[in-house]
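The letters A, B, C and D name the chains in turn, as written, and every chain counts its residues from 1.
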């Protein structure tokens, strides 16, 4: 168990600065998710924590101790890679045991016990003798996770571990990881993803990154309810938050107004705004209605259950007043 | 995979923090390179510098250690006659040399071109699964495995106009209308040398490309197959780009070898001006004639020509030196 | 519809095998002819035949009775093996440094290594000869020992192996290496326990090509040895001779070539399993 | 001081005495082949028994070009491992600086050898090598075919040409399409220099570079001789003849596919081998001569010699060995066992030799016509001279220019190469 503290961390590749001064604290036992669009520096940040990448300037502390120059293997971390990065020539057992065999002072029995325990946790015990190529994608990812568990790390790092899996497996493995976190509550986990659903579902706290800077850190609900910027507001939540600017926003005393689809009601008349239905999507449990009302992008309204609006219908809508997010010209919230 | 294509770091103004990992790697790299560089410096350094040095002297094998420095005389020197006519002498104006350069370039370009294509075909065939593949793979390697001095003689035997089997075969199959004296005439001598060289070194190319093919994950093809990509398109879109690094290196080394071609021609057509290459000419001057310094000058110029061509190739072929690292 | 597909499939298979047969015939025919010739004797050698007409082991006996051919064979095996092991050892480690560690001047270094291969062998002969003669430790001198050949062969095996292995190592996935680093593997462990098993095709291929290069080398072998006991097979073949100066003993030469080539064929058959596979699927991606 | 000097003098003289008296370890390089090597060994055994020295043979590939390159390199580097070298007749002048002068040591025996051979091994008054055996080519002809068509052995090239053409045409008509009139060594290499020198010399065209160093090759007789040879290609000689060395021409000859053949004595015994198609059907004669007043039969002088390296740690023993290998006894054995032509005049009248190798006495006629290649006057530049010469001839034979044109260019090149008054 370890806390991680980043102080004004910067990282440059040549003349290109990728991380531009990040201050962040990851608490002990916390599940922290780095999220952001591609190129925001989230993977780089993770690699800086892992020690695979050198910090250009700033300080990185594990449990209050500076680890800037410490080798990855000495940081007490384990990492799960996007491509699993299993050793193709080793069996599942050897893959999981490799790290331990390199550390001195582990007896064969101990290694076997630890590997088997991890394998049991992930239900891959029957595959221990197989080679990675004899496994399915999901099984390989479990092995990769198992390899990390075997190392008994203080910090668990995930680099987009689900992006190579198909949708169904992704959900299943996500749950697996969530369960893992629960069962290993003394292990700090840092998880990188570009998928905000993963972020919302897994995280204790989310760190939204943008262009090498931290945009906002907070629990999923904090981010959902009190986004610190238009960027965060737009990134968190599905469907994406509707943004309305111009005259309609002026009415709210803001430069931009943001309102989530689930926070808009369709009213019989006298609504705040009116729009024309251009498209509807029925998902069963809920449904989306897309409205054209002169904004840059169509406004989405999320309704419970199915609906029977048709394209071309004119509807009146009203945002829930306490759910309206107002932003100034700089994209910052007006509170 | 986010960093592998980025340029190596330029020194940043902020004092760089050297991590243990980086230090360990750089230290390891140094120790790993040292023995190799040391070995090369010892084995190659001295002889190469010696050769270059001799090219600026009047060295002769009769008196190697009494060589005197004469500057660029072996490359170019001139005397102005009383009549005012300036006569140029030296390697740079030696028609025999430029003939050899031309022969070499022609030979290298043609042989490497065909070897690359044939090598690719053979590699693709060997990469396929079929019964008896291991035997075929061993059989393919035979031309490369036979010592050059032997295979060159073997071919000179087979190419013989009177009792050569190639002429006989050509006549029987109706490919030739009369027996051809392959190595005798200027027109066919080069063809003969090319045939033998391509036969001999295609396995080298094929094997290296095959190794490249083998390092390509097979599932990429499976995915492409499922997508219904036409095999030809598959080759140009997937296979070729993936084996490109291996192919490029194979070509570089074949090119270097072809530009230095010596033993094959030395045995097959040693004195034919149609096939005399730079190395053969250099040998003649180094050992047969009493012109050791002149031969050294040829070797040095040959070195420069190859160096320029290689750099050109690396530049045009965009052979990368970076990437894959961390 | 189904029938046409089958027909197309059959044609494809037939064409494929025809190509295989063609490649094999072209590759092997001269060797076959050499075998054929090696069983002939006297004027028969000048007569063209496509099938064996006579079986005379005279030439094979001659190979083993002239000079010290078995000894030369052993010399060749020793020299080529040590050369390859040395070259691979030096090259694998160097390739790791060149392909995996970022440092300034890497491209330049690779070019310098390549430059060694740009000088005609014939031109370095004199300098190498001086060098080989200069190396002596106490009473032992390198000249006229197999070590002189092993030493001088690095000049052409090393640049080649370093370059090829660097190229192949560069293409190994970064993440596998990073996984090993996180697991606490040192560069040496990464090379030996992670990369080398993945690079078998490249290692075996380059090793094989370097082996054949050393096996077939003639010029250095002739120059740096001066007794029958230290010479290698190519020199031994050049020393095989007929009754008189101008007479070329074709039958014997062919017999010797057959003897020399067979070990290499066996070598390929042993290692050919390793030429295939390696990174084929599994470790990376799903 | 004095005592010191005396002591040093004494010591050196002692070591010298001891050195010469002690058994030496000698090495001799030899490009000799199979039987030749075995023969050499048998002679060396005798030498070892007589002197107590031991001699190691370092065999070399039979390619003379390979040998020459190696020897040059070894000698240039001052290689002390080799004491005695077996040298081709044309090498002595080129390697003269690296070999010991044998004049004094051989003073007693030089008179026994053909003077022309001794001369060929003498450079600036220094006897560089001692002859071991000599070599001279002959015209091989098919007795049976000449008989069949009622022809005599040709003595001029014109006669040879006519006979060859007639028999070739007739034989082809009779169902042997592989038949050719004349095969020789036409590849661009030292052998062509030998062949062409014979054509030129036999036509009164000089010997390329004369003994005094003048370049004589650009003359009408020489041009005529080479033009005539060029006319053979494609008529009485196959096109492929342009790529033939000794073995290829012997191959054609020995399969029975040529009426005439120019080659060295080695082809004689091989041609009479059990598996030879021409066994017993051929004989040899001096090479034909050309036309004109100075025409005479000419045969290029070949042969091998032994020289002593100046880097030999034990020169005296090495000289002893060289003398032994060129001695009458060894040459006689060599003639009997190897059918190598002796360089010692008296051996041609020796009854034992005549009994064992009847061909040797008859070769005396051929040998009397022997001409040396211009290696002595051109010294270290001989190989280049020869290369320029054979290239010019090969060009003419291949139809690239007439002999006159090519010889004019050759003369210019040779003049350039010569550089000044002396070679």
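Here is the rule we use: a contact is a pair of C-beta atoms (placed from the backbone, for glycine too) under 8 Å apart; a residue touches a chain by one contact, two chains touch by 3 or more.
Predicted model, so just to flag it, every value in this text is computed and none were measured.
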Chain whose Cα centroid lies at the greatest distance from that of chain B: A
A-C against A-B, pair bridged by the larger set of C-beta contacts: A-C
Whole-Å separation of chain centres (CA-atom averages), chain A against chain B: 53
For chain A paired with chain D, centre-to-centre distance based on mean C-alpha positions, whole Å: 89
Interchain centroid distance [CA atoms averaged], chain B/chain C, Å: 16
Per-residue multi-chain contacts in chain A, two or more chains: 52, 71-72, 82-83
Multi-partner residues of chain C (each touching 2 or more other chains): 46-47, 125-126, 130, 173, 175, 178, 181, 238, 248, 279-281, 284-285
Per-residue overlap in chain B, given as positions that touch at least 2 other chains: 1, 3, 8-9, 21, 24, 64, 163, 283, 286-287, 292, 326
Chains that touch, pairwise: A-B, A-C, B-C, B-D, C-D
Complex contact set, residues of chain D against chain C: 27, 29, 31-37, 56, 58-63, 66, 70, 73, 76-77, 79, 81-82, 245-247, 250-251, 254-255, 263-264, 266-267, 269-270, 273-277, 338
Sites on chain C touched by chain B in the complex: 16-17, 19-20, 23-24, 26-28, 30-31, 33-34, 37, 46-48, 50, 90-91, 93-94, 96-104, 106-107, 109-111, 113-128, 130-131, 151-152, 154-155, 158-160, 162-164, 167-175, 177-178, 181, 186-188, 199, 201-202, 204-206, 208-209, 212, 215-216, 218-219, 233-234, 237-238, 248, 250, 253-254, 256-257, 260-261, 264-265, 268-269, 272-273, 275-281, 284-285
Of chain C, residues touching chain D in the complex: 41-44, 46-47, 66-67, 125-126, 129-130, 133, 143-144, 222-223, 226-228, 235, 238-239, 241-249
Residue ranges of chain B touching chain A (in the complex, touch as defined): 1-3, 6-10, 12, 14-24, 326
Contacting residues of chain B [partner chain D, same complex]: 60-64, 160-163, 179, 181-186, 269-273, 283-284, 286-292
